[in-house]
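Following are the structures in question.
Two complexes, one shared chain (chain A), two partners (chain B, chain C).
Let's turn to the complex of A and B:
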């Protein structure tokens, strides 16, 4: 190779990665970063989107949101919904993973159950919402079973009474989301070296001691990273609540996403909705930074 | 070896199997109930006591869905949009992944962090500016609006997934092409793509699922019935008729088929796609 040719080749290698990345960066830049800047701009404008020359509003829309008791109620519901979901996703996922990993079950049964336990994961949020509406109808099968066992005396309107609605949507979401934990923990369990347990057996460790001193510490990195991701994603849940309760009755299941959606597309107050969307964005970004730092520290 | 035949041991094994059965009931009963209800008449659905198997097995709900061109259109729209986004995502992500996996360049680390962090951006935050953009560019209520906006959410994860896969392939392969005087472009298409099929399948599966499940954008960025996708179609079905539960369940079953089939046929890729980002 001549020197000229080689330097030409070098130049090509230097430019090439940027060329390969161009389409992706264009899409992420134009359709993600630019809209993020836009929504922040909207939140400081009067009649954003609706008017061509919106005037500057300062912090007015943020003020309006922070003065709105429904916003605070939504924030509280979001927290309750998300924390309960993550805690139970983790617990159920862990219990199922440990049961499936137990060598007392015959391998064929294990494989069948593993497929069946993943089932809720394969269904779209809208379909999950519709299924749970059917199950929890006042005349539905859940009430019928609970009345037969004698747990409840009369039909409960799970989704349409303010006392039960939030618990009902949270339960449906718990059902829908545990498989991510189960699958990840199952993979994690298979990665724990067998010698750890053999050494513990030699020392005469009991089953629960092995769980507390070997299994859980070994799974900790997976538990933490999945919990963080699950927290971020559950916070953003929209269709499940939209279809089951629509945020009602009387705001009892209003979460940040339904609150924002209604501001934008029921009241057409897109400026105030943008302010609310920016608040959600800030919460998510905070958690994401935490997640990335955790991943890098590992 | 552990002893297996003490009474205490048998008791533990029995208790474990009871717990497994309870778990199975929890996981599968709601889905069984959807299937069961889809084969009932609408009156039988709320019969007391509930019927564990349809007393009068009927396919009328499925016939009603499949015989209605409006509902078939929902399915076509879902397949079309998900298919188009999948093809675009895989091609664009493959290029980016190749750049990340095979080259060192200034800004690589921060770009990677940027892509990881875009995964968690709340859809509701982007929805409002998207609505403004889509209306002002005159693409409201079109496939283009859905395809472009879906791409934003499928791309970041697809890039990470493909980069992870390409990193497992030995570099000697494409270096051999370079020695023969070929460019990195030829190496990509002649050498890398043919052996990347598993990574491409996992990425496609993941992308398709994400699009098939999407609700918020389809709800907001389309309006006419002929542009609606399956999730919106199910919601419309709820409003329209005074709760034709059997039809809603039949449509839910039909709407779940693609995911179930993909899972059964390509379980490995499905799980790889769904967990790769979170486990690593």
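Let's turn to the complex of A and C:
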């Protein structure tokens, strides 16, 4: 009897955690895994979604997008957009965080700056897109200021010229995204013991030496984590580009997300769109695995 | 090497709080001076001012004859060991020790030679490639010492460097630091709140309270001739017990008992006569109270006392007692008051003592070892 009771108790203990996990596993399975698997399946079918009994297409759709020069252009644009965004998010975030953490700046001024610097974070992508479309209009504020200072001679069509459009959307995305870095790095800066800097003062370190030898190494875990996350997120940015340029002009701001969207909802080629989506998934997955391994290694 | 001279040093914070008031202190070349006092007494502030990490509100500070008040920390020719050690976690032991040389742009070979020398002295050679996180508390402490030594400074400043170590290691490191200081002969100012460290390590000890210097003297003189009730209570562990009494002729009347004073007491303190008929504060250290039933206590006069609790330490018994007399507070904010046990005196008995908690005993006291203080000013008589 006691042995039976004990084994019953053991079973209960073994099963209980899985029972607790079941609801969340079900939700994840339904909302994430199922759509993912479905999209992967679509990418191997002819006329996916559109026909009731689609036939197996093999790697045909992958072949098609890899043969499409627009795909390669959008891949390059995505990389440029993402790398520039991450680098500048980090640099601007770091400079602002250092400013906000500087005791020598008046505390009231620092509080005002803190609010100002974080403002871009409060806006949704749609609002940011609208703001920058208005600011960068040929007759907008930016052109008029730049012309007055004498940096440009004539009005520049920032979003409508193939030469400037990609830089302009990247710029808007940099403006929108640096606060995440700023806030994370500021938290990191506040966690660095004051003793480190005092010991360095006594040892004769100059400001730039303290930055190189103490601050940056101490912030490295945050810099790497946030950079990887930012890379993953920025690669998937859609609304900002869709609303400002729609991928144009002449594909000059086409990124993987807009390319895929157009395949699906302009050309109704859902199979090829699925193949393109799977490519994005694979790139993101690679980065995510890298991130997880880095987190584990810590 | 150099002497450190503080003249009328004051430190006032923005809210008008005066952390240090008119501090005058002269630390001789090669001397080991301990700054001691209860929490918030300004000892760390004083050290940080010498280091240049805090501004000096007024006064003059000279290190090796140079006025350093307006100099940045790096130009003061000092090295500091922090309470937290402040070792850079991303650097190896070698890089930590060599950091100041690297900043100064010294060539690699010279850095290696110097660090190797220091590592040998501190027995860190096998740990040079380790990161601080992989070191024990004592090893980290030694790395912090190494980082200070590498600069060959005129003076070492140490801010409670042993407070993060466990009791046993602290005893060991106490001896190591003392012998290292003797070996190097560098002027050292050492801040601590632990009066055992103060008594065992320094050539001289400066006692601070509320930002005011109370007494600077050798540990022995500080212990035997405290200038006031605060120093008397602060120096020594367990603390000296202080009571109020009335001096009548050559008798001290306190509560329900009297203590006869011998002529020697008045000869040594001529001022004591003038307190005849008035209140005085008297103090007695735990080791000058005896169990009257033992041989050691037989020759002294006795007073009644009740044992409230006993700590048996093996080598001695710390006996907490209640004496029918009004206890006087020495003014040490860190002093532990055991209200729950209602004891007002502490004695150190030999381990053969058989007194039990709760029993009424006759307590023998060596009246020649009594200390006397003015009841108003708390200054020694």
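Just so we're on the same page, the second predicted complex is superposed on the first by the 278 of 298 C-alpha atoms of A that agree within 3 Å, B and C clash if a C-alpha of one lies under 4 Å from a C-alpha of the other, contacts with A are read in each partner's own complex, and residues count from 1 in each chain.
Here is the rule we go by: a residue touches a chain if its C-beta (ideal position, glycine included) is under 8 Å from a C-beta of that chain, and two chains touch if they have at least 3 such contacts.
Computed from a predicted model, the values in this text were never measured in an experiment.
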Chain B versus chain C as contact partner of A:204, first or second or both or neither: second
First (chain B), second (chain C), both or neither touched by A:195: second
Chain B versus chain C as contact partner of A:217, first or second or both or neither: second
Partner chain(s) touched by A:139 [first = chain B, second = chain C, both, neither]: first
Partner chain in contact with A:286 - chain B first, chain C second, else both or neither: neither
First (chain B), second (chain C), both or neither touched by A:162: neither
Residue contacts on chain A - larger count, chain B or chain C: B
Intersection of the chain A residues that touch chain B with those that touch chain C: none
Touching residues on chain A, where the partner in the complex is chain C: 193, 195-196, 198-206, 209, 213-214, 217-218, 220
Of all residues in chain C, those that touch chain A in their complex: 51-53, 72-74, 78-80, 82, 84, 86, 88-91, 99-100, 103-104, 147, 151
Residue ranges of chain B in contact with chain A within the complex: 12-13, 16-17, 19-20, 23-24, 26-28, 30-31, 33-34, 37, 45-46, 48-50, 92-93, 95-96, 98-100, 102-105, 108, 111, 113-118, 120-133, 135, 148-149, 151-152, 155-156, 159, 183-184, 212-213, 215-216, 220, 230-231, 234-235, 238, 245, 248-249, 252, 255-256, 259-260, 263, 267, 271, 274-275, 277-279
Of all residues in chain A, those that touch chain B in their complex: 12-14, 16-21, 23-25, 27-28, 31-32, 34-36, 38-39, 42, 48-49, 95-96, 99, 102, 104-105, 109, 113, 115-127, 130-132, 134-135, 137, 139-141, 144, 148, 175, 180, 183-184, 187-188, 222, 225-226, 229, 232-233, 235-236, 238-239, 242-243, 256-257, 260-261, 264-265, 270, 273-274, 277-278, 280-281, 284-285, 287-289, 291-292, 295
